[in-house]
Each structure stands twice: as structure tokens, then as C-alpha cells.
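Okay, structure first, notes after.
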Amino acid sequence: MTTLRVRPTRSRDDSATDPRSTDWGAVLASISEGALQREVDGQLPVEAVQLLKSKGFGALRVPSAHGGGGLDLVGLARLWIELAAVDANLPQAYRGHFALVEDRLWHHARTSDQRVWFDRFVAGEMAGNAWSEVGSDIDLPRTVLRPRADGSYRLDGTKYYTTGTIFAEWTDVHARLSRPGHPDEVEDPTAIALVDTRDPGVRTIDDWNGFGQKGTGSGTTTFDNVGVPAEHVLPFEDRFPYQTAFYQLNLLATLTGIARAALRDVVEAVQKRTRNFSHANAPRVRDDAQVLALVGGIAAAVYAAEAATLRVAGSVQAVADAPLAGADEIAALVEASEIESSTAQVVVSELVLRATSDLFDALGASATARPLALDRHWRNARTVASHNPRILKARVVGAHAVNGTPPPYAWSVGGTRRRQDWDDTRARAGDAG
Amino acid sequence: MSAAVVPEVEAVPVLSHDEAIAVATEIAADLAATSLERDRDRLLPGRELDRLSASGLLAVTVPTEHGGAGLPVETLAEVFRILATGDPSVAQVPHSHFVYVNALRHQGTREQKWFFFREVLAGRRFGNAQSEVGTRHVRDIRTTLTPAGHGRWTLTGTKGYSTGALFADWIPVLARQDTLAAPGTGPLHVAWVERHAPGVSVTDDWDGMGQRTTASGTVRLDQVEVTADRITPYYLTFEGPQTYGAFAQVLHAALDVGIARAALTEAAAFVRTKSRPYPDAGVDRAADDPLVVQALGEMELDVRASEALLREAARAVDAADADLTADSAAAASLAVAAVRAHSARVSVEVSSRLFEVSGTRSALDSLNLDRHWRNARTHTLHDPAAWKVQHLGRYVVDGTPPPNHGQL
Amino acid sequence: MSAAVVPEVEAVPVLSHDEAIAVATEIAADLAATSLERDRDRLLPGRELDRLSASGLLAVTVPTEHGGAGLPVETLAEVFRILATGDPSVAQVPHSHFVYVNALRHQGTREQKWFFFREVLAGRRFGNAQSEVGTRHVRDIRTTLTPAGHGRWTLTGTKGYSTGALFADWIPVLARQDTLAAPGTGPLHVAWVERHAPGVSVTDDWDGMGQRTTASGTVRLDQVEVTADRITPYYLTFEGPQTYGAFAQVLHAALDVGIARAALTEAAAFVRTKSRPYPDAGVDRAADDPLVVQALGEMELDVRASEALLREAARAVDAADADLTADSAAAASLAVAAVRAHSARVSVEVSSRLFEVSGTRSALDSLNLDRHWRNARTHTLHDPAAWKVQHLGRYVVDGTPPPNHGQL
Amino acid sequence: MTTLRVRPTRSRDDSATDPRSTDWGAVLASISEGALQREVDGQLPVEAVQLLKSKGFGALRVPSAHGGGGLDLVGLARLWIELAAVDANLPQAYRGHFALVEDRLWHHARTSDQRVWFDRFVAGEMAGNAWSEVGSDIDLPRTVLRPRADGSYRLDGTKYYTTGTIFAEWTDVHARLSRPGHPDEVEDPTAIALVDTRDPGVRTIDDWNGFGQKGTGSGTTTFDNVGVPAEHVLPFEDRFPYQTAFYQLNLLATLTGIARAALRDVVEAVQKRTRNFSHANAPRVRDDAQVLALVGGIAAAVYAAEAATLRVAGSVQAVADAPLAGADEIAALVEASEIESSTAQVVVSELVLRATSDLFDALGASATARPLALDRHWRNARTVASHNPRILKARVVGAHAVNGTPPPYAWSVGGTRRRQDWDDTRARAGDAG
């Protein structure tokens, strides 16, 4: 268990590199260097996150006019894939961050100026996620925001699987909004609190205990009398509507990157292998037709997974492009993107899991040596895939194809919630809670 | 001979088929209860092996004319499979033991049989020192027996992946028996050396991602003295039809089949007791979700198919032993190739699908459920299934019998 | 009784196990040589069925106490499998015949057994009139036996997919034996009517994409008179542990396993004799391309696994027949479910992969190699493999035994 | 065996509809109507081809400035997929045509004005293919062009599998160019002759005898003293360099469309099914979780196949966009597109074959009735897939990944040829032979 915190690398004035001028190839190469050792040692990718912050990674989606990278979601998904291929933890660690960016972009386009947030993102500030609780009703979190006399709030509670928060300056907290004079908690609305993790009442420990994706920083975060200004408390109903598809896109890109890493490693290992079976097809392993066909199968899995993931990115971008559309149109675009992401997952998770397991068949027993950690690809893929059970997704897709059944509206891994009504929220003034 | 690893018994029980299955089932249940910790902390299974020796299971293939149970391969393969459902690492350790009991039956002198079978009946274990690391291919052997005069030989070389050597009483070492005139080219023999003889050292340097406690270390042989009566002619094994390779391979297959069953049993238990149903599945228990049930059913039929192929292969080896011809030996090799390739695929798949049916919670490190996949993935690389498939394919298309060597 | 379909023999041979296998192998070879044309031109196999009857193969399950061979299910399943390697359409025709011989063993009166077993030993065939089209589910039966007084009954209804009825001497018809008070709700019985009895008509209206010559037509029963001694109580079959369903299903599985083997044999022959090697494969013969060999090897091990499961399932049915309990019957049902689901998958896959290994030339219509896939795909829908998998899954996760009905 | 010929529907002056104004949805719906009956009756899609001609289908790639549709290859691939979903024969029947269009586009951009051909395409004229021979060396066809005194040529020979030619006004013939005074045939160059099929010496019969793709018009064409003007004889070396990848793209799109047809049919059939097994998961088949999951799996296969196919289209378009690039750059783009198309095929053929076979598992025995012809999807896919053996492709992809081995340069199904050198041809004056 690690209890570190990646403190911000600079003040807001000391701006990070403009992401448009970043050489991402060099950044990826640098992150790649220590990745295997981090996995073997069980270390969080602290320096890698620092590097990403300093290079403007978190501001890639911020419009260029506001100092960001101005990237669309297809471009972002492509970069996520590349990043996952060098360290599968990182796109997932940044998932909550990019969701908050997306939320701010949506509101900026619809109703309210979000330049203050754009500035933070451009300054390298990162957000994590703090939505999950254990054993509580999804519509009634135990983490509570209580109004203070000055109009601000105090936040108390404990969140689990707070992916990315350990690295972040901000965390995005799902909480119950307690209302004085309304004693029935069940009636309370829920809200999103954007919490500054530099507050001394915020503590994060890395107690994530999965056999894969060990460096995502998915630990436990406690909030003890943490002050939250009113403008950082947002009605839950106003959340950007394509969060479900966006989260799935992040997982798809991570899976695809893992497969790419598996391909890279198997190609290198085959190139290095000198010893073949005496009755093999060719003297050199790298000329053995069976080995080559196996590697070809993995390459094909990567190709198809990338194609499907980028296609999903396009469908999510279509929602992001329609902030001012009518409620029905937004709902239809959201539904389409969720069905597309579910559809892609059915194939992608299978292709990637198979690729990460099959790669060993091109190699010998020595490939199982623990210092090589070639099993991390399967362990990572298996862990990511279990967020999106293929069994469930295939049925959702089939029910949509046959009966037009809309996908379950999952706002987070494992939960479902009521559908948003965008007409209402569009009429409202802003984000203040 | 070390007191620590040899049980304090005069002679181990001679088991019938039914007794062997019952004893294996009992031991497997205990192994299953502790396999998680052994894998996690890499606890070598010294005590577990002593229990196996004391139970009589390691002596079941000693021929009846030497006072043993003389049980067939069909029984032994089932014993292996059952033990592997408990802990495939522990089950793999005595693999070489049985292979060399078998080798003695084929190629031992009368005196060697008399001596070594008595050792086995007394609970002694054989290890293995066969593979060499860094040579061109698996059958490029550089360890040598050089003549030292007066019926004595000197054994020198280094062996890797020597499963079971650490816990063995005797280590049979594959080596070329050289003449001084042409070193490194002599025919392959097996030299039997005591585990703690001068010049023998065993290092526990296995660090694989799975099958972690097989004690597959490095054996170094530095001018070890071997007398002529402790040398058996390995090469003769392959001069006619043989089941030596099929015997070794069917036991490997039994390990994979056992891993597959263990993974499925654990998946079913997890689904029954721990998994939450998927939201919107409309059921109260994950075990009532028809798609989860379907996945478990598919896994079950794959495992059953491997189990059926295992039984057929073991019987084919028994049949070839009873009436050894080129045809019966080839039939046994092909049957073994089928179960080897099938169980390789199934053990890897089922141990991965475990997570598909069990859901997110099953991925916690503390449960260590990934050990099944790591075990399957590691052990299925012992020698590549692709080659078993090639042999089957050549037989199908051209009627070509499989090659006559130790790997099949 | 029509002279055209009943061979002119007094009694057919009573075959031993070995004889049955030999005869089936011989007939299968002849069927294989002509199956292409039968499928292409939809030539109904009247002569082929007469040969089967005359050979004694259709009488092998008549109990020894009635003068028959009394061969076990293990033999019969292998006979079915072998015949299906020759032509699975022809092999499917006598499926119902054996199911009803089996039903008579379970539920026939002494007199019925005496009469019908003598018919079988004389070379007569039983058909089938069981399923009804357009009802809610497969066990919603609307054909009725209504009382006509004096121990006579009147049978009325329409049956579809009546495999074998066209070439049968006797058609056993599944019907509700009604009282006048509550029509349509009586218990299920089997009424035995002669193929050419007044009121019985059989239409050859089967037009499936595969299994084209099974003669699975529509049977219409218009006020057919049936005497009480020609009625057997079907419903009693399912009032205790039974192997009736497992017996029927294991024979269906044998057909799929046979189709898979036929497709693989044809693929291997095509690769050996006709396929050109892929450019750049660097080999002279397609049969030397390691990737083609690998694909054939994978197909072989899948087919072997189905064959092994078939043998195990047939033996499990025999074991349950020998010692019938709820447990032994459930074990037989599960073993049969496994081979049914496995062979469904394998027969479809192997008959499709045939083209993967054979190359472009194999897709010519004149070769009619797609009949293997069409046969597999059609016959595997006879009843859905998905449900066999569910039963296996329920057993694995909760230990739930399979349901006690005719489909398993 | 059918011996018809689809004669052109109009003279060149009577121009077809501008493809840009065509309602392709309506065209596809119209083609769809008779497709099942054509399959059952074994009829060629004559009227469908007429309709496509009249709507400007064959001019979709011709630049808008020249009256064509101006579509890029991604758009064309998308339309091929949709067309294959309603009749799998049609994109394949048009394969040779679009290859000739591509060849003319390439030369128009590089060296010579091809407006005369653009006009023909815009007028609805179609080209077929006549390259394959039986048993002859690929570099020495038995079909021969002999010079006539007037500078034109005469063509004699027989070609097999002349896909599309039976419907077409033109056919694209690979022939040996006989040279008076050079008696050694082996030394003869080969050429492409663009032959007017309305010449009385050209005869096509539909003797294609496969169990799938029965309506592609892949018959035998004989040439008996057919006159060919000199400007219609093109040096073989000048063929557009991305023909291999382009052909593979056509097959990929056809496969993908077949899968889409399978999905459409299984969804309709499930919706219609009323009878379920008495021990099934739900009273209605359309609510059965296993059935829905199966349909979802097929939908996912279609999604991934489409994504991969369109990605390949993008890579082929990249070559088409570079007619004036240097030889090395063209060669690299060509190689990339061939590797991409091979890679996609490894996954797509498996996904599509599985989908077309699995669909039956969602249905009952009645789905096997011959009048429904639901097996046509598998038969079609199996026939198309055997043009691109997965076994071979996986090895090609693996060899490229591991060893950088370039793909075999297959100019046609089953054959390989020497690599083109584009520097040479760029320097030449034009197309004339």
C-alpha cells in the first residue's frame, strides 16, 4: 500500500508546455523506459504523470483559443491507445480528468463560461474521480455536502476506487446534498463537488488491490470537513450526457493499447529467439510459419481493435459536437454512442484477451520468467475487461438490435440511473448548486 | 540421503486403483485449501511431497513382479489430474519421478530394477536433470559421462528446469556417454546420482509467473563419480516403437486438464457464493443469469472433452504397452498429442473465462484467482502444443505417423 | 405393408458388436461414394434403407430374450456415427426407429414387445410422427386418440418433421389419449399405425438446406382406427428416472460427430490430391504447408474430442440402463448434453474450415463440398445446443440435475 | 448456365443520372426487393445492374468536375458495404469496373488526359475483368494481341472468371503482346487491352459454378479476332499500383456487407419467432437472453468488420492521393495499404464467417427451409473468403511485423508478379502500347 501524493509541479501562473507543441513521441518513449520496472516493483507511475502534466496532456481537449491542444476525441483516443501501449495504467488514471474536462467543455458551449477551469487544465492541474462507495445506494451516497453559513459547503465521507485522485490536484466527488429543514435524506438531491485535493482534509491512499492495472492510483480517498465553494458544487443532473460512452471509450482505448503492447513485445521476443524445436518448420524462430501466423493474428486483432475504438470515438465526438441541439437529438446521439461503445466492447475485449494470452504460444517456456512480466498484458486486459462484462454487453447490443431497447444508463461502473432531461437543464442559469 | 525429505517408513502402502484414486482425492482437497498461499508466497512443498511419498501414490507404477501395485497409465493419469486440481505445482514435481520409473522398466538392467524399485517402494523420489539452457534445441545435450577407468565414469554438466531435483533422493541425469576419442558425440544415457553426492548441487532459481513452486531449479554436476551399474542406455528407448514419450506427455496433459477443472470449480463457487448479478439482468443471483450459466456450461463441456481425451489417451498408452507395435505406439502418440493440444487450449481458456463469469470482484489480488491462468499459461509452454497439432495434421493429411522420440 | 420397402427376407441377421461395426463400415463406404448425388438431386434413399434393414443393423437393439442381438448403446452410437460419415441423411432416417424400439423396451406390454420385436427382426422399420408445427412449443401436442368403443380408438392429427415415416412400415404417433369429458388434456401415449393404413398419409414436403434426403415429411392422420393393444403409455416414461431422452440424443450426437469426421476426411483428401499450395508458401504440395497441416491438426483434435465424448456418453447411458437411479440417469443426461453441444459446435466449424484448408477450388458447386456444412448446420438445429449448455451450466454452478424429459 | 448479355441501356450521349443527385437509399431498396428470389432462382442481377448503371453508380469515383460523384474510397467502400448487404454479388461484379476507373484516375493525375473514359463512365458504361486463364504462366498469357497493319491490334483467346464482363460494355483484358520478328514468346511483354464487348467477336457465358456469389457474372469470355485500337492497349507496367489493395478492399467490403445482411435477417427472424422451447429463458424468443446475446455478438462482428474495412479504405485512399509522389513514397504507401488490407482480412473473414454460421443458433429448424435461403450468407462469405485465405494472410502479416517482409505482390487472385518501378513509367509519355 502506497500513501504518497503527487503534489502539483507548479503554481497556476507557471504554465505547462503548450500541448500543441509537445513531441508526444518523445514523451511516450520517456514513459516507456521505466514501465516494466514500475510493474515489477509495484510502483505508481508518479514521474510519468508529472511528465504528462508538464507537457500539457490534460489540456489536449481544451480549445486552442484557450491555450489547449484543441484535439477532437478521435485524436485523443489515438493518443490514449499509444499511451496505454507504453503504460496501460495512464489513460485509466486520467479517465476522471478527461471526463471533467469534457463536462466543462459541454457547459462552456451550452451555458456558462468555464475559462477558469480551462486555465487550470492548461496549467497542468489534473482531476481524479471519487464516485464509488461500497454498499450504498447509488442515488443516496453516504458522502455528504452540508451548507455552511457563508454559502459554501463542507464535505465529509469516504470514496473507493478513486482512480487518478492520488496524482491529482482536484477530484470530482459524487455526494448527497444535505438541506437544512429537510430531515428525510432519501429526498436529498445529489451533486458533484469539485474538490481541491490540496485541502488538508483530503487524504488518499493507494489500497487498490487488483492483479492488473496496478498503477492506476485507484485508491481510497477520505474527506474530513473539507471546504467546497458554492461554485464548485454542481447539480448532478447537469453532468455532461455522454459520460457513459466516454468512460467506455477510455476503457476501449486502454484495452487496445494493451494489445498493441502485447504485439510489440511478442515481435521483439520472436526476433530475439534463437532456439527452436529440432523438428520445427524453420531453423530460425522468426521464419517459422506457425509463429508468424500467430503473430499475424495478434497484429490483426490490434488492427481491428484500433479501428473499432476510433469508430466509437467518432460517435462520442458526434455528441460532443451537439451541445446546443434539442433534447431528443442529444438523447439519440447519446444512445447511439452508448450502443456503439457496447458493441465495440463485445469484439474488442475478446480480441485483446485472446491476443494477450496467445502471445506466449509464439514463445518458449523462458517467456514465463517473472522479471519479463509478459503476463502483465493479460492481467491488465483481464482487469479492464471485467469493468465491461462481455456477457452483459452482448445482451445489451442484441436487445437494442432486436427490440430497440435503450442501453442501461450506467453513470458509473456497475450502476444505473435515471435518464437526464436536457431541456430542463438547458433552461437553467449555470452550474451553481 | 537426507532425513528431512525421506519419510520415516520402511515401505509405503501398495495401492489398488480405487485406493489410489481415493488417496489422491483426499490429498488434492488439502492441497486446494492451501494452494493460494503456496503460490503467493512461493512456499516450496517439501511436506506435501513427503505426504505423497508416504501415501504410496509415488509407487503405484512399480511392477507387480517387484512387489509394486503395477497400476496402469489410466490410473496414474487420473491420479495426476486429481492432484493437479488441488495444486498443479505440487502435482508436477513427481512427473519426472514417474517418467524415470517408466524408463527403468524399459531400459534398466535386472539389478537396477531390483535396486531402484526397492528405493521407490521405500518412499524415495527421483528428480530430473534433462534440459540444458542455451543449447540450440531441446535435444542438443552437452552434459557428458567421461570414462574414469575401472567401470567408473565422471559426470559433468549443467541442467536447467530440473523439476523435482531439489526434493529428490536420486537424480537421473541425461548425458552423452563419451569415448575419449570423440567427446560430445556419444549416445545418450541416464546416469543416476544421489541428490547429495559430492559434486551435485541444486539451486532453486525457477522464477516463472506460474507453476511457481515446482522447485524447477538448476542442477550442477561437477566431476560427479558414477559407477557403470548406475547408468542406463536412454538412446535404446527410441530404437524401436516406444511409449516413453507418450507416457511422459500424457502426464503433462493430466496436469493441464486438472488446472482446467480447478479453474472451473473455482469459477462456479465464486459465481454461486460471491458474484453480484449484473444490473438489468433481472435475476437475484448471478448463478441464475442464463448467460453466466451458459458460459459455465461451455466451460464444462470443454473441460469434459479434455477429460475424455485424457482417459482415451491413457488407455491408448496402456494398450500400446500391452501390445507394442509401430502402429499401437503411433496410435498412443496421436491420442496423447490430441489431449495435450486440447487441454493446453482449454486450460488457458477456462482459467481466463473464470473472470468473465465471476465479474469485477474476482480480480482482487488477495483472491489470487489469476494463479490458474498463470499456471496454465506457464505449464502449457513446457513444450509447444503447436507441434502436437502438426503431428495430428500430418497424420490426417498424409497418414504420417508421429516421430519416435521422447516428446511424444 | 408395401413390398417395395420391405426386403424379401424371413429374418435379418443377428449381429455381434464386431459384425455390426464391420457392416456399418462397409455400408458407410458405399453411402459416401453416392452422397454427393443424393444431396444434389434430392434422391430419397429407399434402396439404401432396404439394405440397412436387410443387413441386420436396424435390429441390433432387440433384446436377447426376444431373439435379438441386444447390443448396447455404445455399439449403436458407433454404428450411427459410422453411417453418418457415409451419409448423415440416410443415417438419420432410422433414428426414430431405434428410439421406438427403445420405447417398447421401456413401456411396451409383453404382447407388444413380442409382436413388434418380431417385426423388427423381420426387417420392418418404424417411423416417427411426434412434432407438431405451429404449436406453442415442442411439447405442446394436439393430436388426439378419442374413444370409439369396444377397445378401439380413433387417431386424428397432423405431424411435421416426421423423419423416416415415408419409408416406415409402422408409424408410432405421439397423441393425447382423451376422455370424452376433457378433450385435449389426456396423458401422452404412442399409437402404432401401419404406414398404409386407411386415413394415414405421408407427404414428402421437407425442403431444408441440409439433411435433404431424410424424408422428413408431414404425416396426416384422419380418423385412423387404433386398437388398444397398439397403444403404449408414453407419459409413464418420465415418471421416474429414465434414459429415453438420453438415448435419443446420443444418437443425434452420433450423427453430428459423423458429419464432422466426414468433412475432415474430405478436407484432408482434397488437400492431399487437389489443392494447390499458396504462392509464397515455399512448398510443392499444399499438404506440406505447415499452416494447412496445423489447421487440419486442429480440426482433428476437435473431432477426436467429440468422438471421445460420444463414447463416454454412450457408455454412461448403458451404465444408467444397467443400474437406473436418479443419479445415474442424470449423469447420462449430462454426458449426452456435453457431446451434443460439443459436436454441434465442432461439426459446424470443421465443415466450414474445410474450405479454409482446401482453397478456392473447393468452392465449386459441382464438388458439392458445402453439403457437409449444410448438413451440420441443419441437423444441429434439431433441438438447440444452447439448452444442453444451460443444463451443463446449471449442474456446474448449483449441482442442479438436468430435467427429466425426452429432450435430454 | 446463362448466356445472356446486358446490352448498354443507352448511347453515350444519353447520359446517366448524375450520381451526386442519386438517392442511394431508394436504389438499394429497389435492388433489395428481388434479391432473395434471384438467389433462389439462380438468376443474374441483370435489372439491378441496369439500375446501377442508370443511376451513375459506375461514375461515383469520377471527379465531380467531370460529371462524376467525386466520392473518395472511404465513401465508395461504405456504399459497397451497403450494396453487398442487399445483394452480395453486385460489388464484386463491379470490382473490375472500379479498378479500371481507378487506373484511369491515376493516369489522369499523373500523365495523360482520361476525360474520354470519364465520359464513358458517366454515361453509364461499365467494365468487366478478363485476366484469369487456366493453367498458363501468369507472365505469359495465352491470350494474344497481334499488331495489324493499321497500327491497331487483333485480340484472340479465352479468359475465365471474367467477373462482371457479362454485364459490361468494356472488359479489361490481360494479354501477351506479340511482336513481329520476335519469335520467342517468352520475351513478349504483356499488356492490358480495353476491349469493347459489343464487338461481335466477344462472347461471354455465365458458367461460374461456385456454391456462393452465384450472381457475380464470373463466366468465361472468348475473343475471336477482336479489333482493339492502339490507344486501348496499355503497358502492363503502367497499371495503377494499388490494384492489389484495391481488390482486397472490394472483397472486404463485400464480406462486411454479407455480415450486415446476416444481421438484418437474423434480427427480422427473431422478431418474427413466436415458438420457443418450453424450458427457455423467456416466453418470447425476442426476450431470451441467450438469443439476444447471440444477436449482439453478430452485431459486434458487423461493427468491427465495418470499422476495419473503412480503415483499409483510408489507407488505399492515401495511395490514390499520391499520384505525383516519388517512387519510394508510392511504394511505401502501396506496401502499407497491402499490409493493412491483409491484416483486416485475418479478422474480418473470421468474424463474418462466424456470424453467418452462428445466426442459425438464434433460430429454429424452420430457418433451414430452402426458400428462405438463409444459408446464402455463409455460402457467399465462404466463397469470397476463399479468395483471401486467412491462413496465408496471417503469415504475411506476421512476416511483415517480425521481419519487415513486404507482402507478396499479387496482381490478381492467386498470382504474384514483379514489383513495378514507378520512376520509369512516370517518365513515359502516355498509355499507348
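Order as written gives the chain letters A, B, C and D; numbering starts at 1 within each chain.
As a convention for this text, a residue touches a chain if its C-beta (ideal position, glycine included) is under 8 Å from a C-beta of that chain, and two chains touch if they have at least 3 such contacts.
Being a predicted model, the structure only gives us computed values, none of them experimental.
A count of contacting C-beta pairs for A-C and for C-D identifies C-D as the more extensively joined pair.
Each chain gets a centre from the mean of its Cα atoms; the one farthest from the centre of chain B is D. Look at where the CA atoms of chain B average out and do the same for chain C: the two points lie 41 Å apart. Averaged C-alpha coordinates give centres for chain A and chain C that are 54 Å from one another.
Averaged Cα coordinates give chain C a centre that lies 43 Å from the centre of chain D.
With touch defined as above, residues shared between interfaces to two or more other chains in chain A number as follows: 289-290, 293, 391, 394-396.
Shared interface positions of chain B, defined as residues touching 2 or more other chains, are 281, 289-292, 294-295, 386, 390. Chain D contributes residues 263, 267, 270-271, 286-287, 289, 291-297, 299-301, 303-304, 306-308, 310-311, 340, 343-348, 351, 391, 393-403 to its touches with chain A in the complex. For chain A in complex with chain C, the residues that touch the partner chain are 281, 288-290, 293.
Those residues of chain C lying in contact with chain D across their complex are 134-140, 161, 207-210, 278-281, 289, 291-292, 295, 348, 352, 355-357, 359-360, 362-366, 368-370, 373-374, 377-378, 380-387, 390, 403. Residues 281, 289-291, 294 of chain B touch chain D in their complex.
Taken in their complex, chain B has these residues touching chain C: 264, 268, 271-272, 287, 290, 292-302, 304-306, 308-309, 311-312, 335, 337-338, 341-342, 386, 388-398.
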